[in-house]
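Shown below is the structure under consideration.
In this document, chain identifiers A, B, C, D and E correspond to the written order of the chains, with residue numbering beginning at 1 in each.
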């Protein structure tokens, strides 16, 4: 449970690092502030945020374990809720957590239950640069969002790579685990696509509602962000379709192979069962069975069996079964 | 069959609890009124509602056993028809009932065939607070709608939880009941999604038609409601797609396993049927069968049988069948 | 082949019932007229309609055996083409026929090949009331459209009822006819959905083009009509999806059960075929088979067979095949 | 390879029939002209069209063997590219060819590789009427488009008729050819739907761009055309969905029947294989087999076999397998 | 790694061919310039592009191995990113590479990792014509885009040709490779469709943003480009649907054939297994088996076997199984 804060002077230079004690200083002077709350206990969080008059409904959304990404503009700040890949999110499991951002041109509050790679990355960068990025809070917010989106793309290309491998594999060693992997990708990609679409719409809402200057973004940076989320949503959709196709392809290959196996089974049965009957017939103990006494009947029966087998296989070959 | 009423003075304080007798008092003074009708007989209902001049078509929709959620603005009141989860609605069976609301800034009429958790909850709260919520009839209406939506969300997460369990289960003990459960989810989720989409559109219509002040809502509360129903519709759609995928995955697993079983069957048959024939051949009672008299032919045949089996299994292994 | 007419005075009171002879009277006085043509021969129909200067293309559409529902406004009248459920239309077979309406505020012409329940119902009502409905031709047109839509809804709920029954049935007595019923529902619902969507769009066009007063409708009545057709289209779509799901579910159940049966077949074969070989081996007539003479070899072989079977069943249980 | 032309005077009366020689006359006087080019060699075509200053890109599209239907307005004429059913196009094979139209209020050029039924039909009509249709070039263009659309509709109803037959047939004599027919319909209908959608959009573009008077159409005729192509696209889509459903239904029927057959196979095997083992056991030649010498053991074994069979069939009936 | 440049005078005549050394000359005079960078090392590329003040984000997109096609207008130039078919792209493998274009009315920069057929084609043409195309940079840009689109179309028709062949083939020699080919087409076409849709949207954006004269295009050429990409996207979509249908059709054919094979297997088993039992019964060595001694029992058993077989086959024929 960590609450940390960075205080910047009017020129955006970092003047003090600390915790809640910096809040008072921020509130009564034209300073800039970044307040970062990670997995805070509710009471401590409430005290820290008291002065910011956050909308209760928005704050409750931020505290929820799961809530779709959203953008809502309030009188003096905007509220952004995004889904960030957790540290242990990987190709098999796109586990995401909620990263809430309450911000305007003078302060930014980041709130998240688990450690956030994006927050740590830019917190690190600012404490080394000792100053806010040139574009102020708007650009810091853009950087945090880029921090979120940039970690998804490599993951998606890994999925694409794996899917092309599976596409070649499903013909040879098609095992249960391969199917399990595809089914897991199917549901992971659907959930991820939904999250990407929500986050693309969040950027779209920012681009459309940009004019009232609550939080100044650079237009080309917003376009870049939008393109990234649009691309993620479109890739997730493409890969999810490819996954469905592979499962569908899987069914058609199994059906095709099942036929092939059944043909073999039918051929073996149709050839050897009758011959077993013939052997069984001459294994019967009737006292009066004329053929048993003829000298060559044994060789005749063997000859019949061999020619029956050859004829059977030839017939099947001609019908294209083998 | 219960008809109950709450009468509030101009300041919104609760002055009297009762039944139809409060109606007269309401009609000729600047009081506020909440009239709740649960499973009323038609005549008693008509008498109670006579003075409110409800549109006959709208009232008939409210009385229908089933009607899609809708919003319709009339001259002096708005008509809201929503689908509420019944008391015994659960994860297996999203049973819903119709909750009709006729309201304007001075009165609210709630009508429903079965007991309504949302109505009971806020009826309870008002009789304890002894006053209307600060935002008057508009906020009461918002609270009733929140009462409806809040009971669906936990149910949806239960479905998601169950679907991930099934996703892992379908590989081992895939039984008929699992399929039955999936097919039931498929149809429940489709029906629920349709109801959520209708209710999301109802909130959207309220947001778009807000300006003519029939019933004053708080803008952020409406956004919150809209987001909830949008989220429910989107989750129902996501889970219904996951259900389809699981059923599809099920088919592919069965197809894959069917192949595996048939291969075993074919291998057993292709090895033992010919050997049974060989045994059958030497079980024949022809008088003249040279091999029968040779001393080692029995061991020769046994040897042949063993090597035939080993060769068969090796061949199958190499072809990747086992 | 029937042509009938109703003549009303300026106050909308019914003054005369008859056939084509009333047309002349209508044309040269401020009377109202309802002309109903059912399955007319072309020439008699042309003569009756001559004075009304109907657009030739519209009239040809009306005479077609099949044409999608449509709305087209001409200079002095509107043309409405709807699909009405025929008398023998039922849950198995949504047979529809074309009901064409040419109307403006002073006259209404209804044309249809088969008997129309909606026309008969309101023709009956007017001849008893002895006057046009209060809202004149616009309301008569609304009533005819309600007459069409009201007969579809109960049919749709019957389909829903049947689909939930099938949903429970497909697990036990899944027979061919059940599948046949589902496939029939699939195509019926698709065709019905297309017809409902067309008719919903017709009402929408009327609502959007309402302003030029050709035919006065009551706004709330139009909304009610639109909701009904929208609901029918949405129900048809929902049930058609449910039908697809059931067919898909059917495939997955069959696939699942096929596996179960094949496992049994494979188990029986894998246990008894080898044992039959063993019996066959000791049924061979080689002169020199040592085991045959040992006293206990018969009981040894029986013991082997019993333990082989028990071991086989245990092995299969452990692998979860049974 | 034919180039033919019709020259009309200012009143639209046919004054001369011929070939390229009429072009000069047309160009320097207020005559009307219809120039029809069928499968022309490129050079002869270029010479004929030289004076018309056609846009090179548009002309190249017209000459392509295949190009999607399109509408493009140039300064002094419009360019229309449509797909007409060829003479030998039928229900099995919707073979289409390109019919290009370059037209304005004074001349119309029709260009096509194969013989065009629509062009021949109205060329025939005009040479008999000896004059242009009353609505001039706009109406001639409308008639050509009606000539195209009217030949598709009967074909579509044939497809619908065939699909309902198949819907009933797939339960009994479901053969390979039935499947082949469905798969052919699937791809034909998809390609046709795409062509109909393009042509619907062409009419829509004409309706939207109508105002700049390049080519005067009658508004109601355009609506009629649009409705026809919209109907064709919607029917093609409906039938293609029905085709998919039938293929899907086919899979479910086969799966259902496969189960039925395998149950029979398993029952036969599970009953007769054990009995064959019993017979095999008592066919063994061990010297010491006590049962062999008991007087009634043969009848005991026969009795066991009969009761085993009866018990087996009863057990299977109870489990609903038969 | 090649950097090459073409310098043109104010009249668009080619004055000098060379490399980076021409850049200085271009920058301080009203010359036109085409700078082509193929697989440049980053530093050499940066130096060459320094003076052009390209937006860093756009340049980074251009350098990415993979980025969706996009259009972005900056103050003094537009940035176009397209997907060009690589030299070895063919029907089996639509391998594409990124072709980036930074251009305005005075210069055009083309940047690509692999050799670009479009760039080489028009570089070749200009160095032979010794001058820019009449429409200047705008038309050169159009030509490059036509160079990209024209190579896709023949490839798509090859796919269509192959799909119709497969449609006929899947009934006879349906092998694994056929399925593999279909699954490969499925994923190739999906990825290609996504790329075509992006590129269609790029042209659409140019058409909509055309007015601010950064780069002058001819309107009809843009329409032609748009139609081509729209057609490619629509063909890719059509063929991908046909591929799905063929895979689906494949499943239904396999299912249908599986039934046929299993019927044969069941018939053979149901006829010969019981007869083998009969033979086995009379092969038993019970001392007391009355039938064994009757003179004609052997022929009786043979007669029974023959009639049992004939009856079996007749029964199956009547039930339509064969």
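Keep in mind that, in the parts below, a contact is a pair of C-beta atoms (placed from the backbone, for glycine too) under 8 Å apart; a residue touches a chain by one contact, two chains touch by 3 or more.
Which protein is which chain? UniProt says A, B, C, D, E = Magnesium transport protein CorA.
Predicted model only: the values in this text are computed from it and were never measured.
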Superposition of chain C upon chain D: rotation angle, C-alpha, nearest 5 degrees: 70
Chain A-chain D separation of Cα centroids, rounded to whole Å: 40
Inter-centroid spacing, chain C versus chain B (mean Cα positions, whole Å): 24
Residues of chain B engaged with two or more neighbouring chains: 248, 251, 255, 257-258, 262, 265, 269, 273, 276, 280, 283-285, 289
Ring order of chains, beginning at chain C and proceeding to chain D: C, D, E, A, B
In the complex, chain A residues that touch chain E: 157, 163-164, 167, 170-171, 220-221, 223-224, 227, 231, 234, 238, 241-242, 245-246, 248-249, 251-253, 255-259, 262-263, 265-266, 269-270, 273-274, 276-277, 280-281, 283-289, 320
Chain E partner contacts - residues on chain D that touch it in the complex: 55, 57, 66-68, 70, 72, 74, 172-174, 176, 179-180, 182-184, 186-187, 190-191, 194, 244, 247-248, 250-251, 254-255, 257-258, 261-262, 264-265, 268-269, 272-273, 275-276, 279-280, 282-285, 289, 291-293, 295-298, 301-302, 305
